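Multiple structures are listed underneath, in structure tokens.
Shared between the two complexes below is subunit A, which pairs with subunit B and subunit C, respectively.
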Partner chain A sequence: MTKIKNAALHMFKVLWQPFLAIFLGLIVGAIVILIVGHNPITVYITMFQKSFFTLHYLLQSLTRSVPILVCSLAIVASWRAGYINLGVEGQMTVGSFVGTLVAVYMPGPTFVVIIAAVLCGMMAGAAYSLFAAFIYDKFNVSIVISTLMMNYIATYITTYFITFSLRDTSSVYAIQTKEIAMAMRLPRILPGKPFNLGFFIAIALVILLMFVVSKTKFGYESKMTGLNPVFAQYGGVKKTRVMYSTMALSGAIAACAGMLEIFGIKFRFVESMFTSTGYAWTGLMAALISGLHPIGAGFTSIFLAGMQVGGQNIQLSTGIPVQVATLIQSSIILFVSVQLFANWRKKSKLKAAADSKKAGDE
Partner chain B sequence: MKHITKIYGNGVLANDDMNLELAESEILAVVGENGAGKSTLMKILYGLEHPTAGEIYIRGEKQVFKNPQDAMKSGIGMVQQNFMLLPPFTVAENIVYGNEPRKSRFLFDRKKAKAEVDELSERYGLGIDSNLVVEDCPVGLQQRCEILKVLYQNADIIIFDEPSAVLTPQEVDSLLDTLRNLAKAGKSIILITHKLNEVMAVSDRCIVMRGGKHIATVKTSETSTKELSAMMVGREIVDAKIPQATPGKTVLEVNDLVKTGEAGKPILKGCSLHVNEGEIVGIAGVSGNGQTELLHTIVGLMQADSGNIVLDGKEIGGLDVRSIRETGCAYVPEDRNTMGCALKATLSETMLMAHQYEEMFNHKGILKHKTAAERFTALLEQYDVKYSTLSQLSGELSGGNLQKLIVAREMSHHAKLLIVSEPTRGVDIGAMEFIHNQILKQRAEGGAILLVSSDLTELLKLSDRIYVMYDGFINGELKRAEAKPENVGILMMGGSADD
Partner chain C sequence: MKKILALVLATIMIVSLLAGCGAPAGKPAEGGSAGAGTDKPAEKKRIALVCDVAGTQVFVLSMIDGLNAAAEKFGFEKTVVECADSAAYEDAIRAVVEEGYDLVVVGGWQGGEALGKIAKEMPDKAHYALIDSEVDAENVKCIFYREQEGAYLVGMIAASVMDKDQHKYGAVHVNQGPGSWKWRYGFQEGVKKIDPEATFTFNYTGSFNDPAKAKEFALQQYAAGARFINAAAAGGDIGVFEAALEKKFCTSGQDVDLTNPDNPYIVTSQIKDTKATMEYLCDLFMNNKWAPGNEEWGISEGVIGAVYVTHESKNPMSEKLSPEALEAVKQAAEDIRSGKLNLKEMPAEEDYK
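Our next item is the complex of A and B:
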């Protein structure tokens, strides 16, 4: 009983902040919808119906959430250790590009090719982010800047290859690679719907990361490095080793995000497919809203994906521009970063601490 | 000023029916252990908290303070333990902040600000250059800056909350002078502290608090540190009888350590020392003479330019922190907040540090949380740390409890060499006694202990041998029987033992 209660309490601790922010964000959105001249309540009802509360749209939202969710995990992994990796977009681009190429061009039995593709993709993503770690270690180049800039490099280099040597020439207009074989695609769960196994792989990754973060020595050491690097070093944690492993992990997860999208939905690498969709940045938002907690990031990613799907659908049915949905999202982010909550939280924490001290004195 | 009376008692009983009177030009000390309710009482006086019952009178007039601004208007100022200064600005700018003199409606009158601050500093003998940028000032000067800030707001009653906790002995001396000057100039001062020698040195009267209650009010001239500490703790503090040390074989040997810092400034100029089993070796010295760097070099946080370090027969110079710890070294760092813990980590995470690679807590990279929780609960119990759950954050513990936790964590290594730096800085008498006993216990079990402390009393009490550091080298070595405050003091200032 107490176990369930504790678990519920823990979940509440993880989730109350995103929920509050979401609520306030919706209120701001309501004001904007009023200004545009619609009834916010009916618009919200439509939006939620067309994102979560009908099976068709729910599956659409969940499908959309996969790359966002996995990107948010990549952010969680690196930011927890204090390494501000802004290059998830670039790492997913490079990683999934390499993965797709292996899947398309490598001969051999399907099973072997899939494994090789996934491994090569993850290694490529990891290597790409490791390069940023390396130039930080050796030349003190800020990871924030290097990873951010490497996003552009990744986009344009892949674009170069698929424009020229690796282009699928069967289409005159689209700049893209060849499709991967039917047998390698992630199986769909329901006939006729794009929803596929990828979602469950993403959930498995949440659990896996949760395990790494809370149960392993590596997770412990990287969290301590993030909280206080001097303390970690004092305790014998090798800072550079933690940095390299954390960045590699983050890059590998980012590569998974891209590959899940390609192997599940698109089946090929298309020019700037991750830049235009902004998955990495939505994932970044989700990770930040949930305070870099893997499970919180999972829920928030699904919610943000639903907002995007719902936003597109209200545009179709009511004519309210999709930008309103984006606006709601952005106000949620702002509400999360508002200092007010932090202070309120701090106060209640201090109070709890004072209470416990008094209790201890008796 | 006639008097302030203040009576209140509330459910949680942070303060129980406290009375406090303060006369003009008086220095009143409020002493008590951590959690005795001193700070709460002062927060009420300063308007940061509201009394459940009771009243405050200033010069016979009843006052109700809703917030610190109200208290300030009535002439009450507080010098906080944590300075509230803007580091990139100058002293003068910091002091006038909030009440800036203006040229016109919008323009800040920098010249006038400086003149006013200089005048104030002159009048109270604070001797501070108002052009200095705060972040370049040592802690002692920053504190004077805080005092000036309070004076600038025309405070007549100044509350000092543990002012010496962050200062070096020299800075403490000049702080005490400042307090005397302020009182002479007609200000009334309330000094909250648990350092009794400071109380004896400056205060006129002294209020002792324990468990939120008023225990006694005594004239300082009619009491002694011994009596005060007995009243604070509620029992007689017996000076631990320290048995003769029986040193065994050498555990740590440091030979001719040289280290040059940034910009070619020499930090260590050839230090040699050794520590034996069953022996406490102290390092005395004014802080900043290379002690910290020496310890950091031994534990592997820093690399020496030349010289060698042998721990338990193994050369450890150039090894990393973990290897050195595994060779047999534990370290209680001088700064518990920046190095000893992560304030936002939970208690169990803080306690796990440097234990996370031990087999007891780690099975092939997977941490054994359950074993750890059991072990940590027992350990915290044993070290009498007051906490609510292992998942609370380290920053929520009081300083003394956090220090005990860090000491517990490091001592539980049972390492051959225990390095302890400032083990009792900012902790109360009860905790200090406890930590001292733990160190002595470790010695009795054959541990070798290297102790660095800026508290000379502590150093002389515990150390079987003392090295005195001055300007990056060892300026002398004294056995327990030879070491007296006078001769250690001379060596600390760079003199020679024969003087």
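Our next item is the complex of A and C:
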């Protein structure tokens, strides 16, 4: 009985903070809604109805969360090793662009083409990310700066190709590549809803990354490098090798994020499809809020995607303009980002440490 | 513990207080609060407009004006969904179809692809229309324009207001796509009609809402010698106008009458009447005359044109534009209307000399 009580108390101690955070965020949003002359309660009910509590919108939120989630995994993979990769956007652009081209232009049986497209895409993303690692290694160019700048290079180079040589001229205005074949698209789960297999692939990636970071030698080495590079090197970790493989892993995951969006929803590469949506940056936010924990990043990504979808859709029935919707959405996220999931981790770790100490004392 | 409890209670009280104040401020008469659909009289038609973030884009703003005017006239229920990013179009269109809107109008080419896809998937759920683009789906009514005709008139005016020893023209556009090519083609042709020695510089802001970048491009073009700079950067036009006021070169706007007594350098404005288009679509739909089939509109339909030439303005005309020059431009407009001057077929950008 006391055990249950203790557990409940522990849960409360851990969770009161994030809930208070959401609550405070909602209050700040409420003030904004009042200023523009609407009823906050109605607006909030609509917002949550149109993000999580109606099947259609729940699926819409989950669909939107896929690229955000996978981007956050790419961030987690590199940042926890201490390599500040800000180039997820560029890596997803290059990777998914190459993947799409292979899927569109390579002849052969569907199955082979899919495998080739995914592999080529991941390799392209990894190579793009490796280049940043290479110039850091050889010329000491900060990874933060090189990856960040390479985002622009990726965007403009792909835009150049799809504006001129690779543009699908059957559409009059849109700047985009040809569509990938029907058979290569990720199957939908429910008819008439864009929700597709991609979400489950993303979940599988979470589990896979969780396994890699917690159970493999590589995961341990990269974690050690992140915590204390000097100590890790002293302990026999080959720092450069860890850096190259970490950056490659991050780039390959980023490429997957882009390809899941294309093979699942868009079916083609469209100009500025990743810059305008800012998936990589929302993913970065999710990764940081969750304290670089793969599972936490997964949940946070879904939450953030839901806030975006809800914010977009409150315009529908309340007549609130999109800017105000974004403001409300951001104020909630701002408060929630007060270390939502990191807290969970820290507390439970502390508890575990205290428990083991207690056990040792007895 | 007690402190936390007190804090939570206090905040709940504040919220309920706020909610109490908020209730009268909300306008229940304004089309639909939450929980739409179930308790409404079934015969009231519902029309949704899905478009880019309006901001300073007159193209979008005048579509919204058109929708509001039509809603007042026919008394249908309406909503406007502005899309914050490129993925939001598909989500927004699906959402309005899901909410049971009878007519879904997408304003702008950005949503064309998504609309075509959804219209094919769910042909019976709603009626679909697309303004300013074409899409390959039979049940989408597309209305697009011959912008080159208006741009031709603007080009002629541009050449008329230039000093005789100047031959450099500039323009700031959004991107180098086929949409902007219509404007650039018409503009160049119009200028060359009067000033055969003309040379052109084009720059692209890469976004529909970037006045700062547009202004910077205009200043650079001016520094490079351009003395007429056509603003065709959607929301960025304001930036070009600011630059014109600073450096005293002539410029022109687009979409609606943007001439302004405070800025005499805006000598004309190309008209692309999306308000009329929106009202036309609502009109067809509400009077049960809806029929799919694409329509292409130009000067002869009265929705494309240029201020002072085909459309009157309440602002006085710039002194730089002489009545004789204007007469020549008016004649050109007449020629386009009668078909004597045919701009319907355009060369591809790659083939243009």
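Keep in mind that, in the parts below, the second predicted complex is superposed on the first by the 299 of 362 C-alpha atoms of A that agree within 3 Å, B and C clash if a C-alpha of one lies under 4 Å from a C-alpha of the other, contacts with A are read in each partner's own complex, and residues count from 1 in each chain.
Going forward, a contact is a pair of C-beta atoms (placed from the backbone, for glycine too) under 8 Å apart; a residue touches a chain by one contact, two chains touch by 3 or more.
If you're wondering where the values come from, they're calculated on a predicted model, not measured in any experiment.
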### Task
Go through the superposed model and pick first if A:K138 touches only subunit B, second if only subunit C, both, or neither.
neither
### Query
For A:M224, is the partner it touches subunit B (first), subunit C (second), both, or none of the two (neither)?
first
### Task
Applying the touch criterion given at the start, work out whether A:K238 contacts subunit B, subunit C, both or neither, answering first, second, both or neither.
first
### Query
Does the superposition put A:K5 against subunit B (first), subunit C (second), both, or neither?
neither
### Winner by number of subunit A residues touched, once subunit B and subunit C are compared
C
### Query
Regarding the shared-chain residue A:S317, is it in contact with subunit B (first), subunit C (second), both, or neither?
second
### Message
Under the stated contact criterion, what part of subunit C meets subunit A in this complex?
### Response
4, 7-8, 11, 14-15, 18-19, 21-23, 25-27, 30-36, 48, 53, 79-88, 90-92, 94-96, 98-99, 109-110, 112-113, 121-122, 133-136, 144, 175-179, 206
### Query
Contact residues on subunit A for subunit C in the complex?
16, 20, 23-24, 27, 30-31, 33-34, 37-42, 45-46, 49-50, 56-57, 60, 64, 163, 170-176, 192, 194, 261, 265, 270-273, 276-278, 308-309, 311-313, 315-319, 321-323, 326
### Query
Okay, in this complex, where on subunit A does subunit B touch?
215-218, 220-221, 223-224, 227-228, 230-238, 349-350, 352-353, 355-361
### Task
Could you please specify the touching residues of subunit B with respect to subunit A in the complex?
12, 14, 35, 211, 299, 301, 320-322, 325-326, 331, 333, 338-345, 349, 352-354, 356-357, 362, 365-367, 369, 386-389, 392-393, 396-398
